[in-house]
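Going by the order they are written in, the chains are A, B, C and D; count residues from 1 in each one.
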Amino acid sequence: MSDVMKRWEAHRPGIDALRVEEVVRPEPAPGEVLVRVTAVSLNFRDLAMLEGSLGKWSGVQSPGSEMAGEVVAVGTGVTRFAIGDKVISVDIRHWIDGPAPEADTNTAPFLGRLAEYSTVPEDLLVRAPASLDAAAASTLSVAGLTAWFALVELAKVRAGETVVVQGTGGVALFAVQFAAAHGASVIVVSGSKRKLERVKALGATHGIDRSEIEDWDSHVLKLTGGRGADHVLEMGGGDITRSLNAIRVGGRISIIGLLNGSELRASITTIMFKRAQLVGLGVGHRRALQDMIAAIDHLKLQPVIDAVYSFDQVPEAFAHVKRGAFGKVVVRIER
Amino acid sequence: MSDVMKRWEAHRPGIDALRVEEVVRPEPAPGEVLVRVTAVSLNFRDLAMLEGSLGKWSGVQSPGSEMAGEVVAVGTGVTRFAIGDKVISVDIRHWIDGPAPEADTNTAPFLGRLAEYSTVPEDLLVRAPASLDAAAASTLSVAGLTAWFALVELAKVRAGETVVVQGTGGVALFAVQFAAAHGASVIVVSGSKRKLERVKALGATHGIDRSEIEDWDSHVLKLTGGRGADHVLEMGGGDITRSLNAIRVGGRISIIGLLNGSELRASITTIMFKRAQLVGLGVGHRRALQDMIAAIDHLKLQPVIDAVYSFDQVPEAFAHVKRGAFGKVVVRIER
Amino acid sequence: MSDVMKRWEAHRPGIDALRVEEVVRPEPAPGEVLVRVTAVSLNFRDLAMLEGSLGKWSGVQSPGSEMAGEVVAVGTGVTRFAIGDKVISVDIRHWIDGPAPEADTNTAPFLGRLAEYSTVPEDLLVRAPASLDAAAASTLSVAGLTAWFALVELAKVRAGETVVVQGTGGVALFAVQFAAAHGASVIVVSGSKRKLERVKALGATHGIDRSEIEDWDSHVLKLTGGRGADHVLEMGGGDITRSLNAIRVGGRISIIGLLNGSELRASITTIMFKRAQLVGLGVGHRRALQDMIAAIDHLKLQPVIDAVYSFDQVPEAFAHVKRGAFGKVVVRIER
Amino acid sequence: MSDVMKRWEAHRPGIDALRVEEVVRPEPAPGEVLVRVTAVSLNFRDLAMLEGSLGKWSGVQSPGSEMAGEVVAVGTGVTRFAIGDKVISVDIRHWIDGPAPEADTNTAPFLGRLAEYSTVPEDLLVRAPASLDAAAASTLSVAGLTAWFALVELAKVRAGETVVVQGTGGVALFAVQFAAAHGASVIVVSGSKRKLERVKALGATHGIDRSEIEDWDSHVLKLTGGRGADHVLEMGGGDITRSLNAIRVGGRISIIGLLNGSELRASITTIMFKRAQLVGLGVGHRRALQDMIAAIDHLKLQPVIDAVYSFDQVPEAFAHVKRGAFGKVVVRIER
């Protein structure tokens, strides 16, 4: 291996500030692994970091957080991986299993992985699924695990239940696939008739076109024979009255996004009489990620990727994230 | 038995409209039990019904819902009770166990039980605890069961956890007792130093005087070594920022009351990063009531009764509920 | 309706004692429903009752327990059903939801349903699935619900888990279908290569032919990469060493059958070090039956029926049960 | 610190082979902590190791596994502890939370801790409870955590339940204390009337003297009004018919010990009709240990110690374990 490598960097906020630099390839410290990065999946929060709207801007930023790769060297004391292992990154520090750690670190992504190589503590990696290529594998640790954690680990979705998914972003499409794989009926609410057609191919049972049917909650009640859905994946926030109306007595609303505003507002009597469960969450723990990977391998489930860009197209990839995607946007890094 | 009986009635809304009437004693229909009422516990919702602010006012209203009594006659087909059994009322129809029924009927109390006798479907009664007198037994089905359901049935409180209880009303005091009986640390937030002294005698570990320490959430963090409480019983509603601040990552807020306003408002990012669980609830199912009664008998737990009134003091009892009580207000009915 | 009807009866134990009799059609008592029986599914325990090896033999026995039918009359006080409703029977008395009742009545089947009509308390009926004909619907309440209860209600099976199913009887085939519908990997252990082919068409991932591979436990470990299965459905009993070997640390063995002997024998150190969960069970509660029916309707899942007999072929149907079936044996009753 | 220390060693199996040796004090490797040992609690398995009946005997053995101590030096990379911290040992490697690791390592104790100093990976330590001295703190990680894990973490014991505890060994006495602290009714079965008196002082509700009442299962049914206990802590193994008889329908038997034989034998029909849950277990995960420590500090719960020996009395301490103890046997190590 050469002792230099390429890495994307920005010396000021903004997509147009991104430049490829040659830097020294790092060495793995004790407990660390050197990973040759093979794919990086981009999330909204990577864009927000790059544009300076999430976290503090330091002098220079090397974006790239969620990745797939191959172990090319191991530091002393590493026991879980060997050279040649295919891996993907873990998104939350110090959360192996059970309740979340006292200080949840799910607030800022890792950095520096839009590069040819990256050093990673071995605790922050798991084996990649055998059934997926690098681009697909790179999409699992954030969007995939958030959907799995909400539906499977926490809500224990089962056949015959009804799940309402808002929108068609990365988390939403994984949610459609995971809920359908457990035999649940999935209702997707979206503003685009064309996207609703596509989610049906992924396993959604019904689509509600919000541009035509504003009171989607009434429509969910109709589709469920008046009973209401078991679970709504709330991506909007703001006034969640429609989500509360759409669930059954005792139903669950997973609070995952805040597209409609950063304050949640809801009627307390409805929450009490509906015995609603509102559960805030994000990415889950490492054991759930491993469970999900086993499921993906068994199900031969293919993540939805809107576009794959090459290493020299990173600015185009961020621009795609910015204008919105159907599923995930990935950068593939080939030697 | 004589075939007439006394019953309180109001021909227009208001405490001052209450009158004792002589009416025909009812007969139990098939599946029903005739109960000689021995005590009736008054709840805020009984007052709200009587004053016409909850539900529709009909021409005449006979208040009284939560009761203890003795079976004096059984209708055909009754299998669960025999004459002489001491019983207490069940508050929710058709909810034996498991998830709440599709149409939760927990919106309006039963009526007509501030009377010498009442007929009740046998499904809506359970055996009274052996260790309590009628006045104490009459307080369990609403306030007692709400506290038990939130803490024990749903949250499975355990020793070493920290529970924050807001206020010192009926549900709050049962919550203090049940949490302490499971070895939890209980922090009560109240505006009255005198009441805080009294809750310590019931098992509370700490009291926070809201009139002196407005930012009670910071104080909860201090008392828990920065970690936060496991569970807040939210009686206020409105802006729940302090409750969200006071819980640990992954903690629970049981939404039980709406003293501060009927809209719930909260930061979505805090809900997500705290992985908060907000759970709306009220009275629980019949199996939980039976579990709670078994616990009360074993623990020799005494409900907190602020005052016991006699049958001819019903207006005074409602007036006491109206001005606020430390624990429960009960009407005892002696022959 | 005529006031007589046909019913199968036996005046002494044995299939060959079965005779069709003309009897008075019953009237529904208060709380009961008169059901025109359209299909009866036969279970081993029906055969055991008929042959006098289960329960006490009375002078005359009218077999038939698990059924589908149509409501043709309702008694006073019936609220859950109306004339014309398609229904199936509930197998356990007084178990709506939650923990099993103190005296589990799951020890003897109901009787008298191999008849043109049967009266049933309304609590012991639920709506039939809309997607199944009478023959298929009649198979759900016992074999179907046992498999669902073990896998879904209790074990909360999820995608990527591995479930081992012993044999290809009624419960076993439902288990294959339900586990596969939740995305689990299913390994069936059977002595027949031909049956193993057929279970793969139902969704099984692997089959182990016990006649060739005696140490099926080692084979399960191999198929799971050494980890072991998450769940074994134990139909055999006796020495369960192989089942214990086949599960992962913390895995579950559902004790459902006793084909190999009525005593369970196992190494305690293996149970402790494997942290095994051994759970005895049978048919589940009514709420789970309703959940399962919703799932079947959504999944369009078709129960496996080995043969459908007409009402005059009841002895042939029992003989089929006696020699063993691949799935269920059903008697269809047409007017 | 001097660079030598004292450590107990045996060059052949047997208590009488124990000798104090002077050895070089170890240095903490990266990720390790050097602990000055202040107390060691002895368990049966330590005795079995020392006598050569558990695990393989190597040339020399230094006994001592469960300990309390104080951090006196930290290796590079240690983040969870600092010099001066009071700590206790964690008994199972690589099990922070959630399901047990695939290869449960709960089969052999650590070694070498009956010494003045011991080096320990930081993952295998937690903070000692603030409310206990070293001798008491040293008893928690094995016997204490086994009882807590069975009752609280897995079974979620609650007030009003009935727990049957067999015997008065270390796990049993912790079980009495933890169950009582959660408001449960505790029935202890023992062969000694004197010990039954002592367990009542710890919170047991009833004692059954097995030397007088052989059919203790019938007595448990009587004490629970015919319903049966919710949970039996099975220390005996062998034929567990009495434990199965003693539980309620749906009750739990925690398989913890094998004093009566290494094979478990039970009626399968009873397991099925009782819907029994038999759960094998031992020591639990680190998060549960931390929960238990928080509970102990809040409850001011004092472990039951039968005798404390000084460092030069280690053979006497092992002899005490061998003849049986009421609670724990501890060696205190003072400088």
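General remarks:
In this section, a residue touches a chain if its C-beta (ideal position, glycine included) is under 8 Å from a C-beta of that chain, and two chains touch if they have at least 3 such contacts.
The structure presented is a predicted model; accordingly, all values stated were derived computationally and were not measured.
Any chain that touches chain A and also touches chain C is listed here: B, D. Contact tally for B-C versus C-D: the pair with more C-beta pairs in contact is C-D. In terms of their C-alpha centroids, the spacing between chain B and chain D amounts to 41 Å.
Here the CA centre of chain C is 43 Å from the CA centre of chain D. The multi-chain contact residues of chain A, meaning those touching 2 or more other chains, are 99. Chain B makes touch with chain A in their complex at residues 99-104, 106-107, 226-228, 237, 248-250, 255-256, 258, 261-282.
Within the complex formed with chain A, the residues of chain D that make contact are 30-31, 76-77, 96-99, 285, 287.
Interface residues of chain C, counted against chain A in their complex, comprise 152, 156, 158-161, 178, 181-185, 205, 291-299.
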